[in-house]
Amino acid sequence: MNPIIKKPLAIIVGAGEGLGKSLAILLASSGYQVVVLNRSMVAYDVENISMMQIDASNAQAVENKILEIIDNYSVPHVLIHNPAQLFIKPFLETTVEEFELAWRSMVLSAFNVFQAVLPGMTKQGKGTILVTGATGSLRGGSHFSAFASAKFGLRGLTQSVAREYQKQGIHIAHIILDGILDTPSSRKLHSLKPSDMMFTDEVAEAYLQLIQQKPSAWTHELDLRPTNETF
Amino acid sequence: MNPIIKKPLAIIVGAGEGLGKSLAILLASSGYQVVVLNRSMVAYDVENISMMQIDASNAQAVENKILEIIDNYSVPHVLIHNPAQLFIKPFLETTVEEFELAWRSMVLSAFNVFQAVLPGMTKQGKGTILVTGATGSLRGGSHFSAFASAKFGLRGLTQSVAREYQKQGIHIAHIILDGILDTPSSRKLHSLKPSDMMFTDEVAEAYLQLIQQKPSAWTHELDLRPTNETF
Amino acid sequence: MNPIIKKPLAIIVGAGEGLGKSLAILLASSGYQVVVLNRSMVAYDVENISMMQIDASNAQAVENKILEIIDNYSVPHVLIHNPAQLFIKPFLETTVEEFELAWRSMVLSAFNVFQAVLPGMTKQGKGTILVTGATGSLRGGSHFSAFASAKFGLRGLTQSVAREYQKQGIHIAHIILDGILDTPSSRKLHSLKPSDMMFTDEVAEAYLQLIQQKPSAWTHELDLRPTNETF
Amino acid sequence: MNPIIKKPLAIIVGAGEGLGKSLAILLASSGYQVVVLNRSMVAYDVENISMMQIDASNAQAVENKILEIIDNYSVPHVLIHNPAQLFIKPFLETTVEEFELAWRSMVLSAFNVFQAVLPGMTKQGKGTILVTGATGSLRGGSHFSAFASAKFGLRGLTQSVAREYQKQGIHIAHIILDGILDTPSSRKLHSLKPSDMMFTDEVAEAYLQLIQQKPSAWTHELDLRPTNETF
């Protein structure tokens, strides 16, 4: 790599086969060096994408890993928080362990990575943090107690941090995915026509649009849904 | 007490000197046997109010205590979830311990007490659960990351459970307190005129109104604020 | 009437056979002198309820009528705005006349009656204004363009006026009826079980509760729905 | 111009010196033939932009004009609804004429242009309609009764039509401008630093991003605000 002209760095937290992968590939092809952090190891075999395994709900591990990444690359220009942990079950069948796991994987992990990247982003006076929300971020549906509580909590955290950091030039946006992503696992779970699902490559483009917004016209929240989704 | 005509039971979780105390006294004077669960011991010395110490974020302790209460009294007609754990500080000064404490004391505690009372309430086909929210339930303000994230999470949990249980005759409502409660501690913290604060006895009356609503016209969310509060 | 101890006055705008009638009867039985203003003449034949015919979307007619009422009785303590004008049809089949009628009957009428009563209420330093909203106040559903646009507009107006007048002691609240009222006409239109509908007498009780709230704990918006309503 | 390969048509309703002009120029430079409809005549003198004068609150005039435009050009691919009519004054100083004017210019005009373009857009199976909202679309602030009521009503209308037409391939989005646009008139009205305002060219880019979204990931509502705007 040319030591003078470094690629800007994008970190994606939570990236399995679906949206995270599409985001990594789109950002890599748009000029970013991409580092993907995931609970389990996945391999994309795409240039300019590195993969690291981490439990993002562990604050110390996150801090160490991000410091290591900053050392090896640079302060990130983009952070995307995208872990998902879905439970759909009656409230009384939801265990306290599941309820806590949803929170740790989707909310505490965001707290940890936000704390790890914001000092550097603030020092460099810019940065974009994008957070993946869901229908359950706005509406606690029946049988979604663990998921909706966590996604609400993630939205509250994101709003608070967005309001604190926008004046320091950090753009923090919350994206509400109101639909089923077309992924290998969702194809097994649902029997939806492709036209009823969200294509992860097209969703990723909307994330890229947010990264490209100018500071005088920043979006802090938007929804995304497929044509056939009732809402 | 007449062994045949028992008073209906109200359990209040989180009751120090402020709203919890007003709720306990109002419900006791309105014909309820009241049991107050609190992290630290407080004594009201009012007839028909019992006090028990408990860490509501401990699921097993909550289950045991609620079973004991049901044994000693009856299945509760009313449950009020009212613990507060406020942190106001810059995001980077908020520790992971504080962030987790806010969630455990305000969200996990609700999960635990909801799970403990709902089987009995469902069996008796009625019950009212009231949950204390705040401005931070709807809006993550700057410097409120821990509090807002937890209050958002509590609202998502409450909505989900409300939607699942309303058809079984359980009324679950979320009350947004958009103002400063007039309590001994808030009087020290703020220098507000009394007319700018919410009197806990008057707020308690609004909770009682919700308990008295008929099933064809249940409120699931309302705001409460003092005359002088901008919103 | 005893010239010294006058009953407080409540004006209800929009009162046919349903909620308006229940409100009139409940307020009359709760100590109010009630004046009902309606587009068409209806007769309740209940003591302490007077009926007057008016087109509330006519500003001059409203002003004259309210001044006449204030002369004959007193400045109202309570104003309830309750006209309904429902259209459910595809957007392209909605005529511009229907779209305008929905706005005139539900929004412009509110503007007119608010302007007519607020000077007197402000002078006496108290008063309650209650406004009937609907599911369509929060969500513009397919085929509800005229109704939802008007109900949204009514909510925006109500919020603005509530924020301006609360500091002058006027309590202005917006009630979201999220369900089908059990009225003679809705029984014909829908084939719902009574347990799926809202009983107008029980809804009216919730309005009375709002009137009775103390100034340190005022509700500015709440929802009401029957047990069986999904939301 | 090649008579076979026609430029796609964009119609902008409400375009004076500010955002409307930026939108017209950006769309013209992005390959669109642009027709601007405005109450008063303005001249941009830019290639591929035509200007027509119209009172958009007149349904018949709108229908005739749109039919004429479709005849001369084609069914529009893009419609942007952007008229503004701001009143900021105490409620009792707001005249019924002003209240009605706000509604006619911002809500009724939208109803009229939506009705005029949707038959053609539906027939061609695609189209994008973008609607300019404001802070007042979500919050009725004190002294904004006419503006907020109209902007709420516009949002309700837009939502209803979006829900009805998305399945027919029409993308309808509502953009909440939460900040002061940097225009000649706002520079006179406010004494804001440029960094506290929204640059209309940058806002226009966000509109273009919405037009470019793919049908599996459509945004129906987003906010835009400058870095320094508290929210």
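A, B, C and D are the chain letters, set down in written order, and residue numbers restart from 1 in every chain.
In this text, contacts are C-beta pairs under 8 Å (C-beta built on N, C-alpha and C of every residue); 3 or more make two chains touch, one makes a residue touch a chain.
The structure displayed is predicted, hence computed values, not measured ones.
Trainee: Measuring between mean CA coordinates, which chain is farthest from chain D?
Mentor: It is B.
Trainee: Measuring from the mean C-alpha position of chain C to the mean C-alpha position of chain D, what distance in angstrom results?
Mentor: Distance between chain centres, rounded to whole Å: 33 Å.
Trainee: How far is the middle of chain B from the middle of chain D, if each middle is the mean of its Cα atoms, in Å?
Mentor: 45
Trainee: Counting only residues that touch at least two other chains, what does the list for chain D look like?
Mentor: Residues 163 of chain D each touch two or more of the other chains.
Trainee: Who touches whom among the chains?
Mentor: Result of the pairwise touch check is A-B, A-D, B-C, C-D.
Trainee: Which of the residues in chain A come into contact with chain B in the complex?
Mentor: Going by the criterion above, the answer is residues 59, 90-92, 96, 99-100, 103, 107-108, 111-112, 114-115, 118-119, 136, 139-145, 148-165.
Trainee: Within the complex, which stretch of chain D touches chain A?
Mentor: Within the complex, chain D contacts chain A at residues 163, 166-167, 169, 182, 195, 197-199, 202-203, 205-206, 209, 212-231.
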